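Each of the next two complexes has subunit A plus one other chain: subunit B in the first, subunit C in the second.
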Partner chain A sequence: MLFRTLAKPDFKALVERILASTEVIGPKRVGTDRHGRPIHHYLPVESFDEIDLDYETTEFSAKTYFLPYKENLCSYRFQDDDWRQEIRYRIQPRAIIGLHACDIHALIKLDKALARDFFPSPYYISRRKNTFVVGIDHDPCEGGFCRSLGTDTATHGFDLFLTDLGERYFVAIGSDRGFRALSGLPAAEITEQDTEDYLRVRKRIAAGFKTEINVQNLPNLLDIEFESPVWEKWGGKCLSCGSCAMVCPTCYCYGVSERVSMDFASGAKTKQLYSCNLIDFAVVAGGHNFRPNRQTRLKYRYYHQHRGFMEAYDEPKCVGCNRCGRTCLAGINPVEVIRDLQAEDET
Partner chain B sequence: MKQLFYPFDISLESEMKEPLDFNRRSRTKDVDRVFRAEITNVIRLTEMEKLFQVRIMDDAERQRFTFLPGQFLMLELPGYGEIPISISSAPTNKGFLELCIRRAGTVTGALHKARRGARVGLRGPFGTHFPMEKMKGNNVLLIAGGLGLAPLRAPIFHVIQNRSDYRNVHIFYGTGSPEQLLFDYQYDEWRRIDDIEMEVIVERPDPNWKGPVGLITKLLDHVEINPRETYAIVCGPPIMFKFVCARLSDLGVPMQRMFVSLERRMHCGMGKCCRCNVGSTFTCMDGPVFDYWSVMNLKEAI
Partner chain C sequence: MKYLGIEPKRLRFAVFEFTGCEGCELQLANKEETLLAFLGAVDVVEFREVSSARNGAYDVALVDGAISRTDEVERLREIRARAKVLVALGSCACFGGVNRMKNACDLDQANREVYGDHPKETLPTRAIHEVVPVDLKIPGCPVSKAEVERIVQHLLFEVPYQFPVYPVCLECKQHFTVCLFDKGQLCLGPITRGGCDAPCPAGGLGCWGCRGKAADANIDEFRSIARERAHGEREIAERLGFFGGFEEHS
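After this line comes the complex of A and B, so read on.
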């Protein structure tokens, strides 16, 4: 990997340069929660100053820019008794500034599920390849357990990755596109001092993690504890609202529906992100529901995160951002659910 | 100022320009592009089921279309929706396809109103298939309950067309009542084929019914086969294949040699929407055809 340092005003110049021609998404402060903590969202910005790179976390992940909550898969034009299908992929370039390492890992996981091996999705690939990703290091967010999942640092999946060294950024260059973006800017070769400062910051960050869980035995444990009372306990509280999957950076399941325009001249096939916690996730014609109760549905969310994905890709699907825990009105959070499962196993 | 980022237009990629072929799973393609197909005939089977003969309209696409017995399609009715449907015709017919469809809701309901000449969209084939190759040289039991005869027809046609590859062949079919029997006009033809035993059973006979009465498992009471040289394909509702497979297991047929087809909700057919998730896999990718031992090991498969 190539590394450079970049003075902060020069990074601002880079973002302004991107803004001149391209849509830029960044963490934007949109309000304050009831505990007085700032609320951030990844939103389009008009100027560099709207971006708050010191943010702790965002309520929603940035997946909507890769997997929109609603996306047109194709349109139909009807004429006489016939129809034609039209498909368009989004190809406008876009830049996302300020993703944390966990969210970059989420993209890497989505790459595996959606862009490789079998039936790669052109919708996803097109958005992913047209998005310039700038990551940034940060101190652990409250409740985040990314370190336990090995997603607290990123070595690929981005174009540039910044670490704040005070007056300057330590910049990891992850792609040719990232390299070119820096051209013309006074990015300096790194010195021994830079490396030292960088490692010190990394150490500080690593020392800041308060939440830890052991995920090593989870795939096996989930199998053994399939009938565990833990699912009664936590699943019994679940409101089946689906918020956890909506905010999760790696949840990608969806449903498809179609509609026809008022004049019957056209129709659209739309994909909408779904959640395995929603009651009709597995309902089939005739009304049979393969997962009629919320305990089972909640269990399957964990099952996919920590066993299904593991079997397919040798890694869990969860990146430990704790957005699901933060958003859940029923107070269900992954760290406690997993700890409970492990406690159950030990008794 | 020089442009910083150039749009990456995926439709210009070479893989995207290859002829659409869902059998080449790893290639990047227009995964939601449908083959345009025309309904050439509608055949009424029962109150609830119709057989739709459809033909992929483009000659080249129709020729290129290949599938294996047990695979399914996503059938698109533009403006209504898209549903998974088993292919119910002989693989050698390629893009001349038969789909046996029960009226069950929005899309199937609209389809039941469709006439000859109507145009639908098809994506596929998707999913796993019955191991017709491996079954060569063995006895074959083809067992269906109710609508299960729809997916069973592809392997039946395959076995008939390659009859000399297989030893004894039995077709067992059961439904609730005689008026629910599908494809009753074909039984005679199948029965006349040298060495194909076909038996049909119903639970609730009407006065005209002359055949056996009872559950499908009853037909297994009299089969004389060497279980160690036998493969079975069992299509039907879970409750049915559960009992049939248990019975076959008692007879000594290894569970790895019994094949069933699972049904789940499906919105993509490509392992992407996760709706068909069962255990740690997706029914559309690792299924719908599973050997029964795998089914026993899948969480909540039956």
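After this line comes the complex of A and C, so read on.
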């Protein structure tokens, strides 16, 4: 990895340079919740000053810029006895400024499932490849447990990654594209002082984590606790609303539907993100529902996060951002659910 | 006008209104960009909003409004007897709708309050299916024309239409709407059937449940969530009772 330092005004200049030709997304404050805390969303910005790099977390992940909630997969038009299909991948470049480490890990996990496995998705890949990612270090967000999952620091999956050293940023360069982006800017070679400052900040951040889960042996524990009353307890509260999967940076399930125009001359296939908590998620042809009750559906959500994905890719799917926990009206959150399971295991 | 080489059926549609605001009927005449194609795909034989034609036979009867008078009961029975497919159109037809509120009052008193010294004959409000068997229910206050179009397309090709079964929250999240519970408001989104695209929360108004209950709605948990956030029993009951889609819970 190459490192540089960049004075804050020069970083602003960099973003403004990108803005001149490219859509820029950044954390923007959109309101205040009922506890008086700011709410941030990743949104397109028109100037650098709209970006609030000191944000704690966002309500929604940045997944939507890679896996939109609704996406046109193809359009088709009939003519005489023939038909034409049109497929458009999104290739317009875009930059996302200010992703936290957990969200960069989320992209790395999505890469594994959607770009590097047996069925790579050209829809995902075109967006991912054409998105310039700038990450940033930050003090732990409330309830986040990324450190337990090893997703509190990022060493790849981005173009640039910033650590705030006060007047300047410590910049990790993660790609050729990142390197080229710095050209013409007074980015300095790092000094011993820079390294020292960087490590001090990293230490402060690491010491700030208050929330932890123990993921040791979790896949086996999940198998052992398959019939646990813990699933009754938490699953019974589930509203089967899918909000958790919508805000989760790594949930990628979807359904596909066809819409035909009213004159029957054209149509479109649309993909819509879905959630395993929704009641018809496991309905198969013929109408049988493999997971008709909410308890089972909630359980399988946890199984995919911490067991199924682990089996396929040697790591859990969850990055510990706790967005699902914050958004769930019923208060269902991974930290408590997993702790309950572990307590169950000890009794 | 074939689709994938298959000729759709020609179906004759008739539209009838009962106790309601006619908003759903107006919706049928809405969405100008596809109105011609819509009217080209179906034969409308009776529909006050777009034509004055009256012509005896029809296959599909779209019925909007609730039933609240004896003469309406008679008229509905007649329509049922003549229609091959009877469709309840909108929340009034599906659940009784806002009109159902009067059932909680003393009918005579309600009558006097509205009509003064000239009371009208009136019955407790009922949904269409409480009077005659219904083949298809399209909820919504008003119904969405886009959804009606899709359902009509399914009818023309005789394939069953699958309504979304998930609650409003899913589409609400997909629009990045800040949750109204987070702003201290009550919202029936978690227990109401989705498919409307969650316009009310997006506009800053909690869902009032016009599409009725979502499949396997977790009403108990919803109540405790609302109570925990300091919404009173009365407010919750009023909300659940508003469109009549949660009749057994309000």
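Just so it is clear, the second predicted complex is superposed on the first by the 343 of 347 C-alpha atoms of A that agree within 3 Å, B and C clash if a C-alpha of one lies under 4 Å from a C-alpha of the other, contacts with A are read in each partner's own complex, and residues count from 1 in each chain.
Everything that follows uses one rule, which is that a residue touches a chain if its C-beta (ideal position, glycine included) is under 8 Å from a C-beta of that chain, and two chains touch if they have at least 3 such contacts.
Given the structure is predicted, the values throughout are model-derived calculations rather than measurements.
When the shared chain is aligned, no partner comes close enough to touch A:Leu199: not subunit B, not subunit C. Within the superposed three-chain model, A:Ile279 lies in touch with subunit C and out of touch with subunit B [touch as defined at top]. Applying the stated contact rule after C-alpha superposition, one finds that A:Ala20 touches subunit B and leaves subunit C untouched. Of the two partner chains, subunit B is the only one touched by A:Pro120; subunit C is not.
In the superposed model, A:Leu2 lies in contact with neither subunit B nor subunit C.
After superposition on the shared chain, subunit A has more residues touched by B, the comparison being subunit B against subunit C.
Of the two partner chains placed by superposition, subunit B and subunit C are both touched by A:Val260.
Touch criterion met: A:Tyr300 reaches subunit B, while subunit C stays clear of it. Common to the subunit B and subunit C contact sets on subunit A are residues 78, 259-260. Subunit A meets subunit C in the complex at residues 30-31, 33-34, 39, 41, 59-60, 64, 69-70, 78, 236-243, 246-247, 259-264, 272-273, 275, 278-280, 294, 327, 329-330. Considering their complex, residues 1-3, 8, 34, 37-38, 40-41, 149-150, 153, 165-167, 169-170, 173-174, 176, 178-179, 181-184, 189-191, 214-218, 221-222, 225 of subunit C touch subunit A.
Within the complex, the subunit B residues that touch subunit A are 1, 3-11, 16, 25-34, 36, 76, 78-82, 104-105, 108, 117-119, 121, 263-265, 267-268, 270-275, 277-281, 285, 299-300. Subunit A makes touch with subunit B in their complex at residues 17-18, 20-22, 73-74, 76, 78, 81-83, 85, 87, 89, 91-93, 95, 113-114, 117-122, 125-126, 129-130, 132, 177, 180-181, 223, 226, 252-260, 267, 269, 274, 276, 281-286, 290-291, 296, 300, 303-304, 307-308, 310-312.
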